[in-house]
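Down below are the structures I want you to see.
Okay, so subunit A shows up in both of these, paired with subunit B first and subunit C after.
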Partner chain A sequence: MSTVNATLPGVFYRRPSPEQDPFVEVGAAVQEGQTIALIEVMKTFSEVKAEQAGTIGRFLLDEGDEVEAGQGVVEVVSP
Partner chain B sequence: MSEIIVRSGGLYTTVQDIGRDGQYAIGMPPSGALDQYSYRVANLLVGNPDGAAALEATYIGPELEFTDDRRIAITGAEAPARINGEPVALWETLTVRAGDVLSFEMITSGARPYVAVSGGVAVPEYLGSRSTYTLTGIGGFQGRALRTDDRLPLGSPPISGPAPGTSVPAGLRLGLGGVAELRLVVGLCSYRLTPAALESFVDTEWKVTKDADRVGYRLRGGTIDFVDREPPFGAGSDPANVVDLGYPIGSVQIPGGNEPIVLLGDAVTGGGYATVGTVISVDRDRIAQARTGDRVSFTPVDVDAAISARRDRGIRLEKVRAAVS
Partner chain C sequence: MTGPGRVLVANRGEIAVRIIRACHAAGVEAVAVYSDADKNSRWVQLAEHAVHIGASPASKSYLDVEALLEAARSTHADAVHPGYGFLSENSRFAKAVQDAGLVLVGPPASAIELMGDKATARATAQAAGVPVVPGSAPVTDLAAAQAAADEIGYPVLVKAAAGGGGRGIRPVSSAAELAEVLPAAQAEARSAFGDGTSYLERALPRPRHIEVQLLADDHGNVVHLFERDCSVQRRRQKLLEEAPAPGLHDETRRRISEAAVRLARHVGYRNAGTVEFLVDEDQCFYFMEMNTRIQVEHPVSEAISGVDLVAEQLRIAAGKPISFAQEDLVCKGAAIELRINAEDPDRGFAPSPGEVTSFDLPGGPGVRVDTGLTRGDRISPFYDSMIAKLICWGADRDQAYSRAEQALREFRIEGVANTIPLHARLVGNDKLRSGPVHTTWLEEQLE
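Now for the complex of A and B:
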């Protein structure tokens, strides 16, 4: 299992926009480099990407939570 | 012509210098490096004249490829840096050769690293400055933040300068971490606040929100009450409004009464929000290195204290100059 950490501070979102579905749900398979969340800071949305292939274990933050740089945001279970 | 190839621009990297002063009357903010101390020290480390243009990154550093031999220096936020994958020191004169690649890891403290290159970034001057002002798309590199495949022109390197390996003594580097204490000259519209509100403003530890960029930092953490009054013509109905005035750079306005905004180098130059006070210029270096989620507090000082702090920073910069030359 590995934890994906935020590379910058901001506000955490699991959806590309408020009306859309989350990028991925818990239990879903992800590929390396796949976008799994967004962090908003300075009116810019940065993508949080899976660092390796695996399955989404759990999110460590809720939609709209504030996040610090280096904080864990999601656990990915290795295949 | 010699240039830097931008492999990745990072989150928001712009060309900045000492600032575009003297254009306020036409509504043009000064822009320039938000943390002037780190920016100026970076130039000293590569032997550049004061005012040479450098790069200011935010949160995520750029990846840069060099096309000739240069000296470079990285100051400001603590962002572990590498040249061709090998870790290099910050606040130190470094050398790069054609084909070398500078990259950054995640910032560990502070918000804005500065990269100076000997010869300076030689984008054309606009109104006497090479600083980027992205809101109107002027100055710097095409008036915008750097993107992949941009090619930044460089000036001729100075003939002499600090030797590679020259480093800034620890005591002359920027102090980072903890609550950023910002000295504040109270005014211009502080009369709009109740006496209790001004007290509560300076007693509150404010938290930097995600809306914190080169234009200004929006803070959260308290509520500010304004004196009741019949708004004069032109002031609008919000109790935080006054008749329009010019906003000093560093001034703190409180739209709606609960989220103060500290205006920085790219600020809009005027409007109708009451300004509680103005953060002194020296301490704007400090807020520039505060990041989203960090805490800031305000301490009232008078104008003499602000001028004396500016003089002290000048002395500190001369100490750096002496230490690296």
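Now for the complex of A and C:
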């Protein structure tokens, strides 16, 4: 299992926009480099990507939570 | 009514400071609001009262309508000034403020709603006799789109009817390209705005962005405070604005201002607002949109007109007439505004939050700095990147630019990357100084 950490401080989002579905749900398979969340910093959005293939274990933050740089945002279970 | 005695400032940063100053000059008390991140901020210290409204993300504080109304209730404020951004162009907020028995220092909810919808705003401008960019009705299939494009003439822009802020726009230069682009544009519009309706508009080559500042009151007075040129943009975000617009024929200047006033009268507008136009190489102008709020770049209009726009907003909200007539207004000199943002121009304008360890402001004749920041403050990742606005006025355009060059040499910000070095290059640029430039000029320079 690995934890993906935020590289920037900001606001955490699991959806591309408020009206849309989350990028991925818990239990879903993800590929390396796949976008799994967004962090908004000063109105600019940065993508959080899976660092390796696996399955989404759990999210460590809720939609709209504040996040610090280096803080874990999601756990990915290795295949 | 006698006018508000206490105004809730439903915003943060430099515009909150600006509004509080105008309140105090008018003998009105100010109530500041703040999120967790803004607890020790300058506007909180300047206001008579301050209310904590929630967590740092804007969705949990500055965009929380109920928290703002409760802050107004608990401090017995009788008016709300929304500033710009956040809820300033949200008609539901405007209505909620009015329903709560408070005065909104802004336009009626109906005007915000009318101008907020792109297609309706365009139709309204046409009905008011204000030229719009030649374009089509909404198109749903390719045959209709190609027929419309043939009529308008290529190149055209495919735009999302529900779009805004420059999103969902695709340039197209041929029928074949239109066939390729239309399905993707419709899918993108559906995904971004929940509405796949597209329409076509003629693509103007090298347009300028020129906008007219307006004030309108309850007594039938609508005045313009001349025009601003906001063509220096990156990704449709303004970086430098000036007033008056350089190189505009007197006749164009007169007609564009008259068109803006005509539109404001047509929609029963009240308070401060701005009508934005695209102006082509032949100085033909076309309505783009109306901003139903005070804008970031309002100080350049203040500098050339001598009018305090926020003070007039307060007067108008109090039911009083605008304090001057159109014929009293004289355009004096020239002014430019530079947006100093915490972004690194050398790294693709990457945001640069962090602590401002050094903050030395410039001064001198004709130099004004609007900021919500003091040394030691943190530039928060939660809000936009603006650190300060530097506004320089001169007896003519050359003096305004020279003063800006000098002011930028004095302006020292340390701790975060910022746009001062870029501005220093810009104000010394011969092409810009001889003016005018078009809306993609800066991006071409940066390439």
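The criterion applied here is as follows: the second predicted complex is superposed on the first by the 79 of 79 C-alpha atoms of A that agree within 3 Å, B and C clash if a C-alpha of one lies under 4 Å from a C-alpha of the other, contacts with A are read in each partner's own complex, and residues count from 1 in each chain.
Definition applied: a contact is a pair of C-beta atoms (placed from the backbone, for glycine too) under 8 Å apart; a residue touches a chain by one contact, two chains touch by 3 or more.
Source: prediction; values computed, not measured.
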Inset, instruction - Identify whether subunit B and subunit C fit side by side or clash on subunit A in the overlaid structures. - result: clash
Inset, instruction - Based on the superposed arrangement, let me know which partner A:Glu66 touches: subunit B (first), subunit C (second), both, or neither? - result: both
Inset, instruction - Using the touch definition from the top, say if A:Gly10 reaches subunit B (first), subunit C (second), both or neither. - result: both
Inset, instruction - Name the contact category of A:Glu19: first (subunit B only), second (subunit C only), both, or neither. - result: second
Inset, instruction - Have a look at where A:Met42 lands relative to subunit B and subunit C in the superposition and call it first, second, both or neither. - result: both
Legend entry - Clash with subunit B, by subunit C stretch, listed 44-52, 152-160 or 242-250: 44-52
Inset, instruction - Residue by residue on subunit A, keep only those touching subunit B in one complex and subunit C in the other, then list them. - result: 8-11, 40-44, 66
Inset, instruction - In the complex, go through subunit C and note every residue touching subunit A. - result: 55-57, 59-60, 191-192, 194, 342-343, 350-351, 353, 379, 381-385
Inset, instruction - Mind listing the subunit A positions that touch subunit C in their complex? - result: 8-11, 17, 19-20, 40-44, 64-66
Inset, instruction - Mind listing the subunit A positions that touch subunit B in their complex? - result: 5, 7-11, 40-44, 46, 66-70
Legend entry - Complex contact set, residues of subunit B against subunit A: 11-12, 58-60, 106-108, 210-213, 291-293
